[in-house]
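Here's the structure we're looking at; comments come further down.
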Amino acid sequence: MTEQDFPSNWGRWGSDDELGAVNLITDEARARGAAEARTGRTVSIARVTTPFPLTGGPLGAATASTTAVQTAMLFTGFGAPAMAEVMIVTTHHAEVTHLDAMGHWAAGGKVYPGVDVADSSGPTGVRHGAAEVYGSGFLTRGVLLDLAPGGRLAPAHPVTGADLDAAAARAGTEVLPGDAIVVRGGWDRVNGGDEPEPGMTADAIRWMHAHGVAVYAGDIGDARPPLVAGVPGALHFLALGRLAIPLVDAADPEPLAAMCTRLGRWTFQFVIGAPRIAGTTGLPVNPLAVF
Amino acid sequence: MTEQDFPSNWGRWGSDDELGAVNLITDEARARGAAEARTGRTVSIARVTTPFPLTGGPLGAATASTTAVQTAMLFTGFGAPAMAEVMIVTTHHAEVTHLDAMGHWAAGGKVYPGVDVADSSGPTGVRHGAAEVYGSGFLTRGVLLDLAPGGRLAPAHPVTGADLDAAAARAGTEVLPGDAIVVRGGWDRVNGGDEPEPGMTADAIRWMHAHGVAVYAGDIGDARPPLVAGVPGALHFLALGRLAIPLVDAADPEPLAAMCTRLGRWTFQFVIGAPRIAGTTGLPVNPLAVF
Amino acid sequence: MTEQDFPSNWGRWGSDDELGAVNLITDEARARGAAEARTGRTVSIARVTTPFPLTGGPLGAATASTTAVQTAMLFTGFGAPAMAEVMIVTTHHAEVTHLDAMGHWAAGGKVYPGVDVADSSGPTGVRHGAAEVYGSGFLTRGVLLDLAPGGRLAPAHPVTGADLDAAAARAGTEVLPGDAIVVRGGWDRVNGGDEPEPGMTADAIRWMHAHGVAVYAGDIGDARPPLVAGVPGALHFLALGRLAIPLVDAADPEPLAAMCTRLGRWTFQFVIGAPRIAGTTGLPVNPLAVF
Amino acid sequence: MTEQDFPSNWGRWGSDDELGAVNLITDEARARGAAEARTGRTVSIARVTTPFPLTGGPLGAATASTTAVQTAMLFTGFGAPAMAEVMIVTTHHAEVTHLDAMGHWAAGGKVYPGVDVADSSGPTGVRHGAAEVYGSGFLTRGVLLDLAPGGRLAPAHPVTGADLDAAAARAGTEVLPGDAIVVRGGWDRVNGGDEPEPGMTADAIRWMHAHGVAVYAGDIGDARPPLVAGVPGALHFLALGRLAIPLVDAADPEPLAAMCTRLGRWTFQFVIGAPRIAGTTGLPVNPLAVF
């Protein structure tokens, strides 16, 4: 299989679609998601990002442990009752959970579903495939696919469709068209040290296509260094680039896995309301699992 | 009535609580919220913020129409498949829908529930009452209180408890302890010109206390210029400062009002998942109403 | 004449040179500059840029009059003796006087003197032709070429070598190899409204080559809209791109012109010490004329 | 001696002066500085600051070695000839050479020469004592006071007037009213590790007052941890706060010391042209020594 042979959703929802696989969230899929909310208890699937403060002088640090977000506490005036800050966000950073929209990916000079990248992106922002196309929020059923319950995947493990099948079987459910999947491999990609990371293979992406995955979230993404066999960067090149599945990159499914284990239940209402900032390729998000 | 006499929730949930009125979202309130989700259809209660691009040269503009968010499209390399950006967010800005957490307000040198502001806030960020205390998300029943169905409030209208009662009656419901209220006055505070704005009065905040409001969102806030009679800045000073009700400032309830009218239904699942950025006084959010 | 025929300094100072025409500042030229300093009185050739404050809430403004520089006043702590700020600079902006280094220009995929742009610039900054190559400062003789003494050039005026000759004659001097020229046309390009701007022609750039200009500063640059006849963007394409003359863009020569007129003297010590920030295509500068 | 007894320049140049000791640069002092420029050779007294890139994804780093300056390389468009960036500067940071203006210091609630800090600084910037008051540049004679020729001061060394006298004697000159002094102790305060730093004592500041120092630059500042004896933070509290001597903080005098040694000459033309950005407490600068 080459990248060219790979299944594609380009054109499936028209020539100027910006939603991609989120179109798979039909009324039926949406209602299936809503029905998962019973107690209303929420669990976050996002990492907690600790900003680096933009301070100097005796207040300053010489080294920053992260640069995904930086904040400056503002001087609001002497005796003012309010405290406030300004923040700088480098969205596509491994330290901050964020949504990759269609406009983030422009392989071969084209953005899904075939828009010339120069028509999609310009110096002043994104005109086609911005994250704000999901601004009204989306909600569907979520399924936790825990690839290594209670532990973690082996270094450099190439995640396949069979791995995903096994996880679904453990969850006692089947992934249905329009579902969001949350993949857990037990890897913290920021603090993981120098070990070679596990990553998604083209085979796993093909599995997502077969099951009609609408949204992907996970602590496993494209391995660094790239996996030796298959397509390097399969998640971005194939899932985002060809299947138009929006990605929740740098998610943290640990609390979710703990909750699922406690409740003995691996499905939930999955809901994302990204900040409504227009014209960007991605946005920091906090996807919630509702039980 | 003076500010000192005003009801207060300081101490109600302990001396080091950071959640404030969100504590009112009991299991019962939460389940009531979850039950509202039937079709799973989501409506955003946030404004769309169009960033100003940080460009210069022939690409630059001489005037910025907003400064709540600014973005710089990044150069990711020649031939790189990914487009990306960095963004700068001035959270407490009328142009961007945001959550005010307890650490945002420090009237009289104290942050709810009595923490010295110097123990709450420092140059490197917020240590008590940061928005990230709501990082796991919260979900409850939401009620739209439309103060001016199909139109807008008169300029400088002082919103009272009676106004809120009338709106609840029109909605055919009663606001219950733990509910989130979404107030619509039909005012766009950014593009509203120079007319004096309507605003919340101490009487309205007292009403919120009596009904056990857990979260406030609205297009009506504290009037500018301040209302002549009563406590200026009642929403921030009293609702946030004394009742510890987190505020969703600069919300846009218009699409929600349209949906409620269409469905003949003024209650919904109200859910917020704010980006998990630690140590801030507020965060941009996209509260969703789920039907 | 086409752009290809145009004189070029590529290769003149070796195949990996980064200084460009600043190499023309020989010991002789430098000493000529030093000799101009007599009283030590300094005049700035830079615009004053008023930053836009990154504030929100009641402190915020809805409209920014400039976005070249933005500042946020920092909260340094309760009772702290120091006030401080963070600033955001969009260097290549018409509102802020800045130096264009070789790395700023990559026409035809090559940066002076023939370096592939992918070897010069990457996502993390500039490796060849950064502004920091001038970090030790440079000093030479400066000559004010006032194209419209006491007034301003006509709209859309195409500045030619003859114009520069006439200005030099009025100054009673000749531009010598290694000199910096400061060109005044009497145009404020930020506040100039919608009139078509004057601009440099290829003929003027040819004149600069013939005279061995080492550095260019001026309130006249490349016209917007582009001049009808000749090469559009001659200053950037030819002076910077082919002759490797660093540009001080968006200069303000008005106070200098006033001083020259008062002293009856159009030459001076010209000195630039740009902030030593590595890896950038340009930097905000304040070139000084010393009398 | 207490801080209250310490000599003060408050009121010496009027009640609304903003220049402070720069007023000591009389025509005579300025001409003395100009006369030092002979060959025109320039040496920078600034550190080179390497920005941290605001990138994410595979381009990002997990740790920042400095946060004084950060840059984002901008996407200027497909096929665009220009490369550009935006930069974020935390001015008062030990990594970047910067000028401290009067508005930076507000001890006891007053800014030199007695202005209430609330009248000097507000959330939107500095109104009294901003760095831009030096925007026309200043030039005077500079003297290198090398406290440890060829080596470095002992850890925690308290620099006294006697030390400065000895350095001036080695330089074969006397510091005169209106001179700028450049102090070298041989310490790199960023990369210096955990050893206790040398620092200025009140006695040294008193010496500066006696000699009429107009500007201070150096690699020695206020020691961290503070010196045990005397006034902690003498340079900021007394030199800046009471004598109104602007400080060039975090300077790098090593190349200057090498040049002085080579030429056998410890005086030079000292010139600063800070970027003309209004309303700030300080600015990144590159002070030049001209020989």
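By written order: A, B, C and D. Residues from 1 in each chain.
By definition in this document, a residue touches a chain if its C-beta (ideal position, glycine included) is under 8 Å from a C-beta of that chain, and two chains touch if they have at least 3 such contacts.
Every value quoted in this text rests on a predicted model; they were computed, and no experiment measured them.
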{"item": "Between B-D and B-C, the pair with more C-beta contacts", "value": "B-C"}
{"item": "Between subunit A and its twin subunit B, rotation from the CA superposition, multiple of 5 degrees", "value": "180"}
{"item": "Approximate Å spacing (C-alpha centroids) for the pair subunit A, subunit B", "value": "26"}
{"item": "CA centroid of subunit B to CA centroid of subunit D, Å", "value": "45"}
{"item": "Distance from subunit C to subunit B - Cα centre to Cα centre, in angstrom", "value": "47"}
{"item": "Junction residues of subunit B - those touching two or more other chains", "value": "54-57, 59, 73-77, 82-84, 86, 88, 90-92, 117, 121-123"}
{"item": "In the complex, subunit D residues that touch subunit A", "value": "52, 54-58, 60-68, 70, 74-78, 80, 88, 90-95, 117-118, 121-123, 190, 224"}
{"item": "In the complex, subunit D residues that touch subunit C", "value": "27, 30-34, 37-44, 46-51, 53, 55, 59, 69, 71, 73, 81-92, 96-97, 103-108, 117, 120-126, 132, 135-140, 236-237, 241, 255, 269, 271-282, 284-288, 290"}
{"item": "Sites on subunit C touched by subunit A in the complex", "value": "54-57, 59, 72-77, 82-84, 86"}
